[in-house]
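A, B, C and D label the chains in the order they appear, each numbered from 1.
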Amino acid sequence: MIKGLSTAGLGQVKNLEELIILASENGFGSVDTSGQDLRNFVEEKGLDNAKAFLKEHKVAIGSIGLPLEWRQSEEQFKEGLSTLLDDAKIAAEFGCTSCCTYVLPATDYNAAHFMALATKRLRLCAQILKEYGLNLGLEFVGPHHLRTAWKNPFIWEMKDTLDWIDAIGEPNVGLLLDSYHWYTISGTIDDLFALRPEQITHVHLNDAKDVPVEEVLDNDRLYPGEGVIDLAGFLKALNQIGYKGSVTQEILTKEPLTESAKLLAEKSGKAYKKVYAVAELE
Amino acid sequence: MIKGLSTAGLGQVKNLEELIILASENGFGSVDTSGQDLRNFVEEKGLDNAKAFLKEHKVAIGSIGLPLEWRQSEEQFKEGLSTLLDDAKIAAEFGCTSCCTYVLPATDYNAAHFMALATKRLRLCAQILKEYGLNLGLEFVGPHHLRTAWKNPFIWEMKDTLDWIDAIGEPNVGLLLDSYHWYTISGTIDDLFALRPEQITHVHLNDAKDVPVEEVLDNDRLYPGEGVIDLAGFLKALNQIGYKGSVTQEILTKEPLTESAKLLAEKSGKAYKKVYAVAELE
Amino acid sequence: MIKGLSTAGLGQVKNLEELIILASENGFGSVDTSGQDLRNFVEEKGLDNAKAFLKEHKVAIGSIGLPLEWRQSEEQFKEGLSTLLDDAKIAAEFGCTSCCTYVLPATDYNAAHFMALATKRLRLCAQILKEYGLNLGLEFVGPHHLRTAWKNPFIWEMKDTLDWIDAIGEPNVGLLLDSYHWYTISGTIDDLFALRPEQITHVHLNDAKDVPVEEVLDNDRLYPGEGVIDLAGFLKALNQIGYKGSVTQEILTKEPLTESAKLLAEKSGKAYKKVYAVAELE
Amino acid sequence: MIKGLSTAGLGQVKNLEELIILASENGFGSVDTSGQDLRNFVEEKGLDNAKAFLKEHKVAIGSIGLPLEWRQSEEQFKEGLSTLLDDAKIAAEFGCTSCCTYVLPATDYNAAHFMALATKRLRLCAQILKEYGLNLGLEFVGPHHLRTAWKNPFIWEMKDTLDWIDAIGEPNVGLLLDSYHWYTISGTIDDLFALRPEQITHVHLNDAKDVPVEEVLDNDRLYPGEGVIDLAGFLKALNQIGYKGSVTQEILTKEPLTESAKLLAEKSGKAYKKVYAVAELE
């Protein structure tokens, strides 16, 4: 399983190039980014140099974010399709096979109707991504406070998300499995053992404070090993079922982090080393 | 558009044979039934005689009901699949191209999760039906009292049902459009003109009492022409957009009807003649 | 059924604006064009004026051509997807609901493998078009000489094309039915009566010379009424099954036509009047 | 990877019970069978005892054969759907997740049309199997003599089969990868490394005689290790990419084998031990 870095948890990172360097210097093998940042990176360096830069630094592109708005109007959704095409194309150039989006656990829309619309829209996204060899990862979002942050409950359980993936019905749709959300839905190690590796498109690794699980806030995350989540068990289980993709840090915080990206990346690298060691993965 | 008869509104009808005779005697060109009743009919008469009987009486099979339980557990759903196969097969033998189910406007399940499950299940039903040349009709159910009869709102609007049909994504899924439900969602004639005929799998024709639309009860229906629904406008619009299928009576009542099926079928026949005449369809 | 005009059979037509004027002056209600020509038209006139121009001239956009290459490599196919998005968008702006491509009856590829690739590719096209309310029309191509123009036979029969449409499996895929190809596959009026209108995305109207059907050449077409095809029967049948879309002329000739577009459009208009009159459609 | 046994290569095996015993006694962890044999097994023993019997013998059901005819007429295909439902149900009872069929490399039908029909039919099979948690495995068939055994070439390459699986478009369709066919298409170890484990539904392990690859006959197979195929490389590659399913022997021979099933199963067990050892898998 590849250690992955994103800008979330690194404070201010200038650009993708800096993120790649920080990843490389601290033992990470992949970075998460966006299609736009990839295009910027290519514009600055040229495509061949950009690829060479990643290769030299032994860093892969772990995942890009789904660049369009599938949660609002049809018009907004359609507006984003050409960007999706562009992002899929640039991601495929870099051998990236994962494109992810999160699923809020509540909605102001009629939940059933929104589920129908979202199913239709994400199916089209999956079909376009498939043409470029990318998978679509859906991240269930567990924190209790978000379940009531909008009028109507949507879905947040892993098994419900898997049912939704079945309803979408495309071969290249899977979970973005975040240890933080898995913790907030009181997920178990056995739940992980019940997964097949191809059901997991991407993984996030974060830790949670020692407060009652109902009070865990989405934007109050800790670095791996700083909190109470059984990350060693989490990693062991994923490894054992055969997951081989990236496991990416995504530390969302209430306030912007003020330490330098360099320091925070070092902190992240050490945190990863520690939990991987406890999980006997290195 | 073919005038259609079902047992709903005829009191006690012995069997499919009697329903066919009643339809034939009162100007109806089709009957709605079930796969089970079709099989009983064939068992009694033999397949060739059964077909000949319909031909002699100039009555077609308008639609059969979807025979399985898609609203409960996966187990129950799977239990019904072999009956679905059998029903599709016998319906196809009789040239029937429509199989319908109703969609309750509320559910005790998490509405979004149930929508995902229902999408997956009805897609499989549609795929099996397609193999036999049948379409799947989804009937939105509008009466206000049912919208709160279970914990969570599901869908009841025609446009939301069309969005759901898009989400199911199979070519052979359309609306079962009931004048009664169209009335209870305050549907307009323009809503009908916006439909393409292939979006309509089947039509029900019923009338409603002169009470505020919010108080209209699902099981308190009137025969066509007895109530306040603009059935002439409804029929004209459907005819004009090119719908050519059955328009079937389905009078649900609080108490069982006590008059003879013969009398009630005559009443139905006259009711249909009247509204078709007002709609200038004959 | 709307009389439709394309540039094929009009010699030199300057641009879409001229085509619209020629259509309007000669009794046509729609024109076939391309996404690129629509964009050029909008660039010159502005979107609102372009729409107004069509409205004033009582001419609709009948169909656009599928703008991408689905018959060669994966790379070429993917190259065209962003143009497809753009074309779908501009076509939808003009209320156009049809996008068509032709299917050659032979291929230099392994026919089975190419069918698998083409199925996958056209499904994605259909899915993208669906998002914009467009249907995808597949034109089977019948002339005998083309069936052996490449190494391996592909498909050219109407029923095989319908089977393929089933295999593609999307709700918005249908036939582009050209009277010329229907004639060259020895299609019958009964074959047309067996169609449902939603199976027909678009129609072409052309006539054939009085030579043995095996010798009819694809690029040797006559104006409607000049040849031996039973176009009255063709039109009557389509009208009777409820087809309401465009019926567009597409006269392919060996040599470029040298008469003025004005004269040729008049000729076309008269030809259409004549065959519509024989078909008792006006 | 689980060593799997089928009756092919064992001469006369009385029933599934005997096959399970033979598997168990000779180091195999799974058996391939049919839905019908599973039902017979359950009829004799009862469901609970049947399951207990497998558990005691530490043998799983590796795969069942697709029980219907998808290569002939629509009627024959539809005839088989209820058996498919029954087989999927009984297979799911035993935790079996694989159902396989072979794909002949040539056909007497028009190859493109047959590909369209087969795509449609196998999609429906996949959808039904998915409901029961089963995957559909498609076995490409490589021997050169079969490529011309019918009028028109179909497909036999692994990559073409993967393209076909994309065209079918369901998440639960993959390869049945037979070392024998991989050898006859001159497949490489790198071809195997290019696979993701979820693309492989099932594996067959057989060996080939030392004759020119063009002359290898489909029904002239050897036990693993007796021939010239690099089975160690084959197994190593599959293990390395993460395939964890069954690897089942299927020795097809010109003449019925005359030795006892007991002796042949011992021979098979030793053959497997040998090639697994060379592959450093045990």
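The rule is short, and it goes like this: a residue touches a chain if its C-beta (ideal position, glycine included) is under 8 Å from a C-beta of that chain, and two chains touch if they have at least 3 such contacts.
Being a predicted model, the structure only gives us computed values, none of them experimental.
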Repeat of interface A-C, chosen from B-D, B-C or A-D - more than half of residue-number contact pairs shared: B-D
Whole-Å separation of chain centres (CA-atom averages), chain A against chain D: 37
Whole-Å gap between the CA centroids of chain A and chain B: 45
Interface hub residues of chain A, defined as touching at least two other chains: 123, 166, 169
Contact graph of the chains (line, ring, star, complete, other): complete
Complex contacts: residues of chain B adjacent to chain C: 130, 166, 169-171, 173, 196-198, 242, 244
Residue ranges of chain B in contact with chain A within the complex: 107, 110-117, 119-120, 123, 152-155, 157, 160, 163-164, 166-167, 169
Residue ranges of chain B in contact with chain D within the complex: 78, 81-82, 85-86, 89, 123-124, 127-128, 131-132
